[in-house]
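Note that the chains take the letters A, B and C in the order they are written out, and that residue 1 is the start of every chain.
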Amino acid sequence: MHRKILAVGIAAAALFLTSCSSSTGEAAPEPAPAASEAAPEPAPAASEPAPAASEEPVSAATMDDSDCAAPANICVGLVTDTGKVDDKSFNQAAWEGTKLAAEELGAFSKYIETTDPKDYANNIAQFAGKSYDVIVTVGFLMGEATIAAAAEYPSVKFIGVDQFQGEPIENLAGLVFDESKAGYAVGYLAGLMTKTNKIGSALGTDTVPPVKLFGEGYKAGALAANPDVKVTLVYHEPNNAFGDPEWGANEARKQLDQGADIIFAAGGATGNGGLIEVAKDPGAGTTVFCIGVDIDQFYTVPQAAKCLLTSAEKKLVSGTQTLVVAAAGGSMTPGNNFGPTGIAPYHDTEGAVPEDVKTKVQEVLAGLEDGTIDTGCPACLDN
Amino acid sequence: MRARYAYMLTIVILSFILLAYVLDATRTVSVLSFSLRYAVPLILAAMVGVICERSGVINIGIEGQMLMSAFAGFFGAALTGNLIVGTMIGVGTGMIMGAFLATGAVTWKMDQIIAGTIINILATGLTSFFYAQGYVLPAITPQLRIPGLADIPLIGPVLFDNGLFTYAAIASAFVLWILLFKTIWGLRTRAVGEMPGSADTSGVNVQRMRFLNVTFAGALAGLAGAYLSIEAASNFDRGMTAGRGFTALAIMIFGAWNPIGAMAAALFFGLANGLASQLQTDEVIDIPPQFINMLPYVLTIVLLAIVSGRIKPPAAVGKPYEKE
Amino acid sequence: MSVTDPSQTDLGHTDPDPMRAGRWPRVQAVAIPVVSVLLAFALGGILIWLQGVNPFYAYWVLFENALGSSEGLLRVMQKSTPLILTGLAVTIGLRTGLFNIGAQGQLLVGAIGAAWAGYNFQLPALIHIPFAIAFGMLCGAAWASIAGVLRAYRSVSEVITTIMLNAVAIALVDYLASRPLKEPDQPITRTPPVADSAALPDFGTVPAGFLIALAVAIFFSWFLTRTNQGFRFNTVGMNPNAANYAGIGVKRTIFLAMAVSGALAGLGGAVETLGITGRFEPTFNAGLGFDGITIALLARANPLATIPAALLVGILRSGAATLQFETGIEPEVVDVILALTLLFVAAPIVSRLLLRKKTQKRTSVDSGGGGV
């Protein structure tokens, strides 16, 4: 479920992988690129050998995972949470980060999509059984299975995306984010931008902590920017919380009808439905706006580009990439690795945001970064 | 007896709506619009159920029919770059799925529940298997504001400022009611569902009637699916029907196998959901959202328990027809 | 599927299941499902081939992973266990003329009930395990009884109520696991782990839950054919009017059948919680109850046949991930294969192929003794 809260899609990665994937020798099918039009990425040459390799490795282009056992060959595997690698969200972001890392390392990479949470351990074992060097597991639900696997396969490096670590384990790094910071930043922006003093949201279920952190952060940020603003947080029921775009659209429309002029949509396909609905409004981009989540949704939901102010970002792609590279190079830090959060570029709504607002939001981002601004979370989870 | 309950309930609800409108017009209108939009696919899907069951065929595969149509409609529209073509493809897919059910349940005399279940599983598997990312609709569906009528307070903005699918859904209920109860086709359909033996004796081709009705009902499931992917979400996502096909089945029974009744039930359900969402929005009461969200379902159960026992399904529903 | 007086509604076929009535020779009863499975795999193979993968290799990978090692076998049995039980839950309903779409909700309620009983008490294992299982079954039975009472005494269709109760159960267990029964000091919506004394063990490579499921399936096969109560279930399912005349308390029987059905689904949830997941966590139980409908239909409402049906589904589901790992084929291909299997089992295509007899007027199977 959690997978879907994030919406992903880094166009850079998209183009990058279309151009390189054939040479990475992936067996897994390629998700279609989310948005290939805006990819400013200078991709390194696909066949570039891994710089760290001391002896001549099998070229990533020709290798398959039967070669993983050889020390010179680096293999990176990814196990999705119950979801697909083309979910425009969480799993996709982690996979794109993994692929970027594999490119950088000249490594082989492959994924398995989990269909039943009870298969977590087995899916991890598929990779471990073939002597993969680094295994990325996605989503906090897989946290325990990853800890167990880390104990069972001490020679494999594990990266748990969104998995908060208690006691640090030598071969396991958790990539975690403080969603409330990103939520606070976009809330602050919304609080400054609203003309009606009403802002709304269409959110996945509050039983998934990151969603609630986004929501509560958004509210706190908006109130900090503008004490008069009325913030509406509406969560989907837990059942199918991230797969109900019609509800997201309907909820967004209702709040617009009630005078809200900015909608924060956070909840996988449910949230995407909300974004697209706001974009359909005649005032989209001039009087009403939408805010995406997790990754720059300008690329993942191009239909919403018109109204999309920004997205509350967890830098999943770069976070995953950095950790995978570190893990393969032996410089991984066990325990929690806090990934960066922030807000995406304004893109098409650049002109609609006044310069002083941009400046203030920058200050808030800096304050969040250095800790001088408190979002009230994670204590807010008890609300 | 039951009719009286229904009228009373309708009057009570309408009074509340009026009162709410007087107190806060904007909020009332927006909640009602939410409810109507929520009800649109449910109305269409419930009509599928009404036609099929009135003809004596249980259609438990509405969910799958909708999902396949949502899939085909969306990708049809995205690939051809034309919303109308996409919608037609969605409707056509619905009819194919309808014919699929008809072939199994009518021609082959398969168990009807199994035939429907196959559609559901097949739809989940195929749409997931063939899903591809990165497709976008060429345009958004137009809204049709009916001049004059849309200016009426309360009713106007709710009922007469909508997308075409919404009008189609409301019209489908009325048209189907007339067809069922005022035409020869309706008479025959009901006969086929109630007393297929007698219908056969009086010269109605039971098998043919059932086959055609189930197939054409599929077109409405197609419309419901196309509504979800082309109008409501402007996107296709795996499993996006989210159980609405099953809810529609309940709504059909709730509405006593009557198109108008089913539409009223769908609207009631929409209203309950609209209220649930508004209660959350306004933070009037601090209770866990899970409770607010289960409210419509609990209400439905309670209501059914109160007004139960007086609604009967068509007598021959579920039974393949065997010529004597 | 009716809202009327149960005695008024015989919505199923009046002729009994040909298989059980002995109209089909046993060979055909086995041959048809087997040929159906083969045909479904053949068509699934075409789908795989279209994706550029050798279907023989793909199937070899799938089965090799599921059956080729003791871990694989263990996983298949683990996956089949709740499916057998929810399949039985739906089967009992079908045999009594009830369509219990609510197995999913009953399973969830049973699962969280067993989890609570499992973590909240410290008891010797010999008492704790049966207690936690029984409590889960009780929760499932109670949940189904809401629909049972309404159907039996208020004539409300169990189809609607169980659909509604599924939605309510999903919200309810989510509430429970996120607030009152939540494991403290961590953010995930889940209960604390069950005590070791409540955990179901594995006997070698055979999980205890699987043995329970087998025993229950055998018991209900005996129960439905050899006991008075079983006879009442069947009679009410086939012909409530006749049952009424025969002096069988139709309402009581319907209520009872629904409660038993719920208890079985609850048992599925309990065994899953105590044997596999070790705690209640909402997403871990997704779809098990709905799969029960598929299993019951594949097994044609025959309790013993739920075992091979569940094993087939278990093999397909547990092999799907490896299939993707080795060949890149999307795991959803197994859903397509399953749907096709159900189609061939249920539709007269295969039987016409096998039996070219005129007497075989109706070769299809129905969803149970009573239909729906």
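Here is the rule we use: a contact is a pair of C-beta atoms (placed from the backbone, for glycine too) under 8 Å apart; a residue touches a chain by one contact, two chains touch by 3 or more.
In this text the structure is predicted, and so the values were computed from the model without any measurement.
Participant: Which one of the chains is farthest from chain C, going by Cα centres?
Facilitator: A
Participant: Which chains touch each other through the most C-beta pairs?
Facilitator: Highest contact count among chain pairs: B-C.
Participant: Please work out the Cα centroid separation of chain A and chain B, and write it as a whole number of Å.
Facilitator: Taking the average C-alpha coordinate of chain A and of chain B, the gap between them is 36 Å.
Participant: Between chain B and chain C, tell me the centre distance in angstrom, where each centre is the average of that chain's C-alpha atoms.
Facilitator: Distance between chain centres: 28 Å.
Participant: Which positions in chain A touch two or more other chains at once?
Facilitator: 205, 207, 237-239 - these are the residues of chain A that touch more than one other chain.
Participant: Which residue numbers or ranges of chain C touch two or more of the other chains?
Facilitator: In chain C, 167, 171, 174, 178, 330, 332 touch at least two other chains.
Participant: Can you pull out the residues of chain B that are in contact with at least two other chains?
Facilitator: Where chain B meets two or more other chains at a single residue, that happens at 243, 290, 293-294.
Participant: Which residues, counting only chain B, touch chain A once they are in their complex?
Facilitator: Where chain B meets chain A, its residues are 26-27, 29-31, 33-34, 37-38, 41, 131-134, 136-137, 140, 228, 232-235, 237-240, 242-243, 274, 277-278, 280-281, 289-290, 293-294.
Participant: With touch defined as at the start, can you tell me which chain C residues reach chain B in the complex?
Facilitator: Contacts found on chain C: 1-5, 8-9, 11-14, 47, 99, 101, 146, 150, 154-157, 159-161, 163-165, 167-168, 171-172, 174-175, 178-179, 293-294, 297, 330, 332-336, 338-340, 342-343, 346-349, 362, 364-367, 371-372.
Participant: Over in the complex, which chain B residues touch chain C? Could you list them?
Facilitator: Counting only chain B, the residues touching chain C are 58, 104, 108-115, 117-118, 121-122, 124-126, 128-129, 243, 246-247, 249-250, 253-254, 288, 290-291, 293-294, 297-298, 300-301, 304-305, 308-313, 317-320, 322.
Participant: Note which residues of chain A are touching chain B in the complex, please.
Facilitator: By the definition above, chain A touches chain B via 31-36, 84, 86, 88, 200, 205-207, 232-235, 237-240, 243-251, 253-255, 257-259, 269, 272-273, 276-277, 280, 302-303.
Participant: For chain A, which residues count as touching chain C in their complex?
Facilitator: 1, 26-29, 82, 110, 112-119, 122-123, 126-127, 140-141, 143, 164, 205, 207-209, 237-239, 378, 381
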